[in-house]
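One chain, chain A, links the two complexes that follow: it is found with chain B in the first and with chain C in the second.
Our next item is the complex of A and B:
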């Protein structure tokens, strides 16, 4: 199965990303140990010049990782027809035990990459690069995460065998099954809806509040994380039902399929963008007090928070549209 | 935000002007780049169209085809099998089919002879597929003779040619009446080639197949979804192999891009030196160079993709057809339905733009860190 074009592209992307970050690692160590912006030595000059290269390199890798998540999900969904019993991405990811871990790792890399890009952005805007050390330390932390995602993907793709009978989303996300996903799916629509709208309202409110007053940054980031979970729970427990117009089909992946007009992307793209922005706000908060960033961090963080607030509002509106537009009635008036 | 956009706009303006100043160098790179995209996109578009076509064709085929096996080989279905299957719940219809292959020494090709159950063809007449009609120069009203495997000569009148729209499945088809078919092949009475079953609910297909296998242990049920899956993986695999072979080209292209980007002319060096002397920062130069790479990538990608689209859907993909389509004497002529797949465009983008950008990063940085005085002095 390794000769699937999209698989080759994904492996190429994460392989090169890991190689690039690994190449940057010795330099990162050197920066952490020897960086001294006040010094005028030749070594410092060389370091400063090289940071341009490695910052660009790392930013490039992170941007590619953001796109790779989309490609990964898209590809998993498309490959469902290759496996007996698979109807959507769930079946493809279930073919071997590395499927879902690979997806989760890619998602984690997505958010980590977004946070790193936010830190990188404020750092390059300050004249004295105050976060260089932090940035490269974070890069060293990100390297194992990226390597893990790459290994999981490699194991997953190498272990894809067409003769394995996999399980369909119906068995994983049904109220009778065991496991976290099933528990969430079994949630009654009314409490799930309440949870979804309340948490999204709080997240949108807090991020908006932060964007205006530049206070409560950590709370806004925490609310963003909560809103991400609440939206996934909401999709599992009621949004998907309305979309499929079926009272028992809870799958969060089938909504990406062409049969349902790719409507899932309308929900997931704003959700992931908003959460990435919200978490980015949180990632910037520790550096509010850095002298040269006093002006920059609040401004950038406010803009990110604005983006997050807008994203969550969009998610809520789109979900509401799905519910109102559906012919299914879950809650009687 | 507006200031940011304004800045990028000026950077793009400057980049375009600077690209235009070195037309020959950039056009060469653009050409090679577009050619690479063109080749890769042709492969991708063509296999996707073939996959679509196969899926379209198989949509109408029966859900299950049952073959009888003797010593591991496909054998005729003896009388009584249809009754033995009896009524399986979920099966809409059971039908014994009659078909076989006939080698025509005149055109050195195999035809598929079939006696359709749905519409009776009158004794002594034939309906032929478009490729058969082409190769033998047949039109309705003509008479044609075939020498049967028994040595006897049979003459038929052609009463119709199947429509071109169905050519992908009917190219080599010859339809005849059941009595003619049995007489021509000396087919034993009451026997069939295989059995077609149609099942309404896709979820029940496997259960029905399992029941068939247990009721008739000497038979082999072939499911439509399995055929579809095989086609999909065959086409994907072919595409993947071609792409893997072409990866050498991608690699070579990345090296070329690296070379082109690092081989700065004296004029370019001076340009960067002047820019830095008048206040550009290293970051700005990197941004400008990234825009340069991005613009070249986008132009090459669009040009290559459009050219590939025209090649595949306008001119029938003369370059890659033999590898991707397969080969036969009576190959159906068919028009591919233009189809663009988002996943494929994204994959293609990863295959071309990603290696290019990865390759030019280091040269861009080298160019950007040049000291103004050394650049201008050299």
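Our next item is the complex of A and C:
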């Protein structure tokens, strides 16, 4: 089972990321302890030369992790046909206890990587390496997160057994099932819809406001996180129903399947991109007073906020399109 | 003003053939003056010039340009500084064969994104000033040594740099052409540019156009 091209690619991406960050860890510690921009010593100049290389390699690792989440979900969905009882990615992820934790860990890595990339981007825009210590400290924090994601993926993929009868999405996301997902799925369409549109409007509004005025950066980031949750709740409680044109089918993964025209990607890609950009805005806020970043941070933060605002608007429009073009009627006028 | 502090430069560091080309240079180069580095081959003149011009990084020590520390800048910033602040005239001129004199002069200005017409006019004006207008369409390999050098000077000036760096500029020229070069130097100084050059040609280092001569030997300053 492990010799699937997508699984090999995912394990390689994750394993190489961990190996590269582990290899960079001693250098990161050296930067944190010994960096002194005022010094002209041989050691300092060596650190300056190497930091450029290490940052470039780390940025490459992070970008790969962004793509890896998409591949992970795509692969989980594609492999459903190999397991008895699996109808979509849910069945594949339920084959063993490591499936969903691996997905959640990959999602966490996605957002952490995006935040690191935002910090790295502004740091490389300034001539005096203002965030070099912060950047490398963050790398050291990211290393255990990446290692955990790698271990979970490895355990998950090594534990895939074709003879296991797994459960389909109906058992996890039905209104009658137990657990957080089931409770969310059981939400009535109207309050869920209200929550979805209000939170998305607030997130889009705040990120747009931040992009124009350069103020309320933290609020924009918090609203982005809320919009992510509200959209997932919305997908579970009403968007999926309209898409499947079925009042009891709440699965957030079946919408990725070819039978439904891969429409879920239209929703998830802008959602994840907007949330990553919105959280990136928040990640930059602590550094807006750094002397050499006073112009750079607001400019980059505004661009990220613009991207987030556009992304949430797109999510709302796409969800509305799904609702309006469905033959299902959930709310009577 | 360019300030060099405790500059050291090693080649092949950590290997059996490790060589220290510069050994603790402390120097301040005045702006809007002509400074010449003099010394025997292997004294570190050219290495020092490449470090001042951001073509190489020191192994240790710092270079300051006006108020800015430039030796530790990331490459993307150095590229901008090299392009806008320094103009280079290399010993072998390093012109691009197959291109005309005018194209060679225009070349370093292309990455700046300035309009093509403006570049052409600026390049033609420089060639005209250096008495090469009639040779602007000639391929550089057809030009004489003196003409090639003037093309190299025009190319160094096309981005209007504050500092002109010339490595052994008269090494390939006869006496008449060397004197002509010194005349050009005086013109550049009169425009308010800083000129830094290396030479062991007495005609250059003893010329009135050179305001300061810094002597070097074995990677260290000996006088100046």
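Just so it is clear, the second predicted complex is superposed on the first by the 333 of 333 C-alpha atoms of A that agree within 3 Å, B and C clash if a C-alpha of one lies under 4 Å from a C-alpha of the other, contacts with A are read in each partner's own complex, and residues count from 1 in each chain.
Definition applied: contacts are C-beta pairs under 8 Å (C-beta built on N, C-alpha and C of every residue); 3 or more make two chains touch, one makes a residue touch a chain.
As the structure is a prediction and not an experimental result, all values here were calculated from the model.
Participant: Based on the superposed arrangement around chain A, label chain B with chain C as either clash or fit.
Facilitator: These partners clash in the superposed model.
Participant: Between chain B and chain C, whom does A:263 touch in the aligned arrangement: first, second, both, or neither?
Facilitator: Neither: A:263 stays clear of chain B and chain C.
Participant: Now for A:124: first (chain B), second (chain C), both, or neither, which partner does it touch?
Facilitator: Both partners, chain B and chain C.
Participant: With both complexes superposed on chain A, which partner does A:41 reach: first (chain B), second (chain C), both or neither?
Facilitator: Only chain C is touched by A:41; chain B is not.
Participant: Which chain, chain B or chain C, is in touch with more residues of chain A?
Facilitator: B
Participant: Looking at the overlay, does A:49 come into contact with chain B only (first), chain C only (second), both, or neither?
Facilitator: both
Participant: Is A:5 touching the first partner chain B, the second partner chain C, both, or neither of them?
Facilitator: A:5: touches chain B, not chain C.
Participant: After superposition on the shared chain, which partner residues are touched by A:326: those of chain B (first), chain C (second), both, or neither?
Facilitator: In the superposition, A:326 contacts neither chain B nor chain C.
Participant: Given 170-178, 278-286, 332-340 or 350-358, which one is the stretch of chain B whose C-alpha atoms run into chain C?
Facilitator: It is 278-286.
Participant: Would you tell me the residues on chain A in contact with chain B in one complex that are also in contact with chain C in the other?
Facilitator: Correct list for chain A: 49, 52, 124.
Participant: In the complex of these two chains, what residues of chain C are touching chain A?
Facilitator: The touching residues are 5-6, 8, 57-62, 68-69, 71-77.
Participant: List the residues on chain A that touch chain B in their complex, please.
Facilitator: Touching chain B: residues 2-10, 12-13, 16, 20, 49, 52-53, 56-57, 60, 64, 67, 70-71, 74-75, 78, 81-84, 124, 162, 303 of chain A.
Participant: Would you pull the chain B residues touching chain A in the complex into a rising list?
Facilitator: 1, 44, 228-229, 232-233, 236-237, 239-241, 243-244, 247, 282-283, 286, 290, 342-344, 346-347, 350-351, 354-355, 357-358, 361-362, 364-365, 368-369
Participant: Which residues of chain A touch chain C in the complex?
Facilitator: Per the touch definition, chain A meets chain C at residues 37, 40-42, 44-45, 48-49, 52, 124, 127-129.
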